[in-house]
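Same chain, two partners: subunit A is paired with subunit B first, then with subunit C.
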Partner chain A sequence: MSFVKRYLIPRLVQYILVTFFGLTAVFLFPRFLPVDPIEQQLSQYQTFGVYVSPEQQEEMMNTLKQLYGLEGTLWEQFMVFWKRLFTGNFGPSLSRFPTPVNQVIRNSLPWTIGLLSTTTILSWIIAVLAGGIVGYYRKRWMEALDILVMIIRPVPYYVMALILLILFAYVFPIFPLSGGVGIARGLTLSWQTILSIIKHAILPALTLLIVGISWQFQSMKLIVQIVRSEDHVWYSRTAGVDDRKLVFNHVIRNAMLPMITQLGLQFGSIFSGTLITEMVFAYPGVGWILYDAVMKADYNLIMGIMCISVIAVTTSIFLLDLIYPFFDPRVRYR
Partner chain B sequence: MEKVLEVQNLTKVYSVGSLFSRTKITAVENVSFYIKPSEILTLAGESGCGKTTTAKIILGFEEPTSGEIFFEGELVSKKRLKKREFMRKVQAVFQNPFESFNPLITVDDIFFETVYNYGLTRDRDEAIKIIDDKLRVVGLSFEDINGRYPSELSGGQLQRISIARSLLINPSVLVADEPVSMVDASLRMSIVNLFAELKNKVGLSVIYITHDLATAYYVSDRIAIMFRGNIIEMGPVEEVLTNPRHPYTRLLRESIPEADPQRKWSQEITIADIEYEEYLRQGCKFAGRCPMAKEICTRQVPAEIMVNDVMVKCHMYDDSKNEVWK
Partner chain C sequence: MGKIKAVFYDLFKDYRFTVAFVVIVLLLFLAFLSVFSPYHPQRMYQVTRGLPPSLEHPLGTNWLGQDVFWQLTFAIKNSLIIAVVAAFFSRIIAVIVGIVAGYKGGVVDRVLTTVGDTTMVLPFLIILIIISMILKDWARHLSNLGLLLAFFSWAWDARVIRSQVLSLREREFVLVAVLSGMSTFKIVRKQLLPHVLPIVFTTFINNMSWAIGMEITLAYLGLGIDPTVPTIGTMLQTAIYRQALFLGLWWWLLTPIITAILLFVALYWLSVSISEYLDPRARFQRIGLKR
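Up next is the complex of A and B:
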């Protein structure tokens, strides 16, 4: 009971408050922008040379306002915004009218989540283990690995993505150039479809893995180098604890704590996609539609993605808070 | 004269600085000492004098640049230093009790780890009995540590637990690196008394590393004063502390504040040069601060001279007939 009272409730309140303010910011910022999306839309029609009578214009304006949720005072709009949020309806996408925003996001979110959750988890595990072992043992050949990472890490991501793309899709055409799945292949559940999805995902995943592993490897290695010379490691050694147990139970486990926090934060950002990866590989993820939405001033779609992203980040931090005491007994449910 | 642990010409050189300007610092220089069974030897000196490095080398946590360690007359090779057989006989207690235990693992775990690793028993109940016995020596019981994390215990408790853990396997030498500097005064005395008791009862030898001359005087048999990696004076504690020969030992003696309102805390103390500079000094490292320094001190490293029972490393005693110094 005291767990609920002293641990869960304060964090739950915090979670709800942060989400509320985050979403309010998402609501407010576009309204402070000097561009009026409705006038923009109308002037667009006018530049096409369409004649619109004043009554029709009035009517169009009202319809658009309704679609954008821009009717009435700011307060009324705010209420509409929350109503839309709770019913999970962000209105139609404007660049893909009349497809609803929900559906646009629903189409691309699985791609992003599939790609990013795999690479995030995989790169984290590899980096923690490799960084831990290299940081602890510091053997000669391991230093070579360290230097390799040091060379790879500063390479700009898009350069590396392009190099890999040219190498493995053009010079040695092993993997497809772009897309999430083969052209003209419907998304039916068959082995061939799954194989095609995996084949398309390998290159983008590889680039994300390389980047993810290299910087996490370096931070893990640095933390381990500090932890390995802490007194409790020496003390455990005098207790006759063997080397392997020392590495995993005492060094890596302690060094992992900041890395767990880091993983939790990364998980939240999965839902907003990775713009550059998706652009270079023309991968149909959330980053790509967000870019598209910004370019086409697709208000509703931007709002939809932003809201999901805010909720994802706060939720993952909340979940992280809940699981953290399992890793660190100093943070207890009291 | 039997020696349980002997250190001969131990030297440790660290290379510090950036890639382009490396300087070598000799943290421990030609240090030799021994400890007899059932004896407490104090290594004393200010912070940064190489006490802890010496301890770490003895325990095998650091590789010495040169020099040998003998255990019961047998050379301890670098490889064997890491092995359990050596650790079985030579155990350690560290300065900071809060850092001696892995914060993520319960305290009892390391006790069982020790019992099982050194093959005391395989049986859990028997292990608990062994652990409980040793904890009672320091005034605690198994119940106090069972399932507890280090963060749930106080510093004083942890330090006593840490000592009990080291004693589990009945070592013959205990290397105690500033074991009382982080605990409060009342507990300090009981820990120091515990060392004396163990020495008398089970013949434990303790290498007691400290900067606190008061407890050193109280508990130890012999004392070695270290300064910038060198042992500059070593001998029976009474003799060294009541009649200090080396100017540095005199300085240390004077720096002990006394509970006497009439006596002001000595004004003669020169603020130390930067540690680094002193380490790089040729000749006697103390020459820069020594009130009696002569020209020879900055040129030549003083030899180890025996004056009665006491070893002194100072040019003052080069030739006892030399009148210049008087």
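Up next is the complex of A and C:
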């Protein structure tokens, strides 16, 4: 009971608060911008040279306001915003009118989630294992690996993606330049389609893996170096515990805990990180759609994706907090 | 003077610092050379276009009729200006927020940390893209883009400074200062700031690197700096946009890429070696005084 009171409830409260403030920021943010989407839309019609009578213009303005959720006072708009959120209906997409925002997101979300969840989890596992082993043994040849990581790590994601794209799609044309699946290939369930999807995903996945591993490898290595000089490890070693057992059961297990928190943050940056990946490789996911929406001032779509992103971030951090006690008995028995 | 010499003597023991220092000095020298450029940085068709590297044009010329070497000198200078402006202003925000939140505590602290936490869950790249789209004309200038970037990179470092100040506040020397009637402002300036400055210094370098990376990313999306003003980002983007790869002008594309890698690696190694030097535990490990 005290576990629930001491651990669970504060985290639940924090989760709800941060989600609430994040979503409020998403709501407020476009409204503070000096651009009025409605006026923009109307002036766009007027540039076509169509004569619109004042009554018609008034009516158009009202319809547009309704579509954007911009009716009434700020407070009323805020209520409409929450109502839309809870019913899961963000209205029609304005650049792809009349397709609803939900459907646009639903079409592109599987691509993003498929690519990013795989690479995030895989890079975390590889980084934890590699960082743990290198941090513990510190052999001579591992120094080379260390220097390699020291060179890869500071390079920003975009530059890294560009280098790999030039290398493996142009200099050595092994992988396709762009796209999520071969051209003129419907999304039917066949071996060839699946193979094509995998082939298109390898290069973006590789860039994400390299960057993700090098980031986490370093922090894992540092933590392991601290853990290995702790008394219990030293004691186990003198007591004759098998080295391999010591590394996996004692050192890596203990050093893993801060890394779990980092995994939560990693999941959080998925939505921001995916944008550049999908732009560089022309991958048909959420980032691609989002950039398109920003360029076309599609406010409903931007709001929809940003809301989902905020909820995904806070929820993944909260879920990790929930499973954390299973890894760390100190939290469980306090 | 002797003290500075001793510090550098210790730092140069770390090969990473030596390498990074040499690279940075070299890049600064290149940036300084831009003063003597015989060509205007933005004007096109000043030389024969598409020439490979030669004695006259050390890094060749591009398809727009510009000398790549002299373009590069301007690019390094401009990218560094953006980076320094961004790092300087974001450090100021981080220090103020961190110290106020940590030292004042209570409601002020809770409000500031919630604001910081909320900015961390927001998809910042998207917001940055939207803002730089709206302020397109304003963000075209070097220092303005630096200012814009500064507002996006203080939250994490403010958190680090806050936790540092939280522990400093409980220390005896601060208590002595409070009891001897020192004014709050003076306590902050004389007692807290000197302890916070090392963090500010290393995060300054990290933040410069982040700002240069953001500039490159924004330039790729067609945002940020005026595309005719050479920075590392716009140079790279122009080369890609004008199909340098398919025209076979590899020196045009490779120059900004290699410069960017050198700059990022040098800045990172500088910050790692300095923060290891400032953290005595890591320094002992280096010297060989490990358990």
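In this section, the second predicted complex is superposed on the first by the 316 of 334 C-alpha atoms of A that agree within 3 Å, B and C clash if a C-alpha of one lies under 4 Å from a C-alpha of the other, contacts with A are read in each partner's own complex, and residues count from 1 in each chain.
Keep this in mind: contacts are C-beta pairs under 8 Å (C-beta built on N, C-alpha and C of every residue); 3 or more make two chains touch, one makes a residue touch a chain.
What you see is a predicted model, and the numbers here were worked out from it, not measured in a lab.
*Asks:* Please indicate which partner A:329 is in contact with in the superposed arrangement: first for subunit B, second for subunit C, both, or neither.
*Replies:* In the superposition, A:329 contacts subunit B only.
*Asks:* Quick check for you: in the superposed arrangement, does A:81 touch first (subunit B), second (subunit C), both or neither?
*Replies:* In the superposition, A:81 contacts neither subunit B nor subunit C.
*Asks:* Which of the two partners, first being subunit B and second being subunit C, lies in contact with A:159: first, second, both, or neither?
*Replies:* In the superposition, A:159 touches subunit C alone.
*Asks:* Would you sort A:253 into first (subunit B), second (subunit C), both or neither based on which partner it touches?
*Replies:* In the superposition, A:253 contacts subunit B only.
*Asks:* Once chain A of both complexes is superposed, is A:309 in touch with subunit B (first), subunit C (second), both, or neither?
*Replies:* In the superposition, A:309 touches subunit C alone.
*Asks:* Please work out whether A:276 is in contact with subunit B alone, subunit C alone, both, or neither, and reply first, second, both or neither.
*Replies:* A:276 contacts subunit C only, not subunit B.
*Asks:* Which holds for A:288: it touches subunit B only (first), subunit C only (second), both, or neither?
*Replies:* A:288 sits against neither subunit B nor subunit C.
*Asks:* Between subunit B (first) and subunit C (second), which does A:124 come into contact with in this model arrangement: first, second, both, or neither?
*Replies:* It touches nothing on subunit B or subunit C.
*Asks:* Tell me which partner touches more residues of subunit A in the superposed arrangement, subunit B or subunit C.
*Replies:* Ranking subunit B and subunit C by residues of subunit A touched puts C first.
*Asks:* Output the subunit A positions appearing in both contact lists, the one against subunit B and the one against subunit C.
*Replies:* Touching subunit B and subunit C on subunit A: residues 234.
*Asks:* Residue numbers of subunit B touching subunit A in their complex, please.
*Replies:* So the residues of subunit B touching subunit A come out as 56, 59, 61, 84, 87-88, 91-92, 94-96, 99-105, 110, 113-114, 117-118, 149, 151, 162, 165-166.
*Asks:* In the complex, go through subunit A and note every residue touching subunit C.
*Replies:* 17-18, 21-22, 25-26, 29-30, 33-35, 150-151, 153-156, 158-159, 162-163, 166, 170, 229, 234, 268, 271-273, 275-276, 279-280, 290-291, 294-295, 302, 305-306, 309-310, 313-314, 317
*Asks:* Considering the complex alone, what residue numbers of subunit C touch subunit A?
*Replies:* 16, 114, 117-118, 120-127, 129-130, 133-134, 209, 213-214, 216-217, 220-221, 236, 240, 245, 253, 257, 260-261, 264-265, 267-269, 272, 290-291
*Asks:* Under the stated contact criterion, what part of subunit A meets subunit B in this complex?
*Replies:* 230-242, 249-250, 253-254, 327-330
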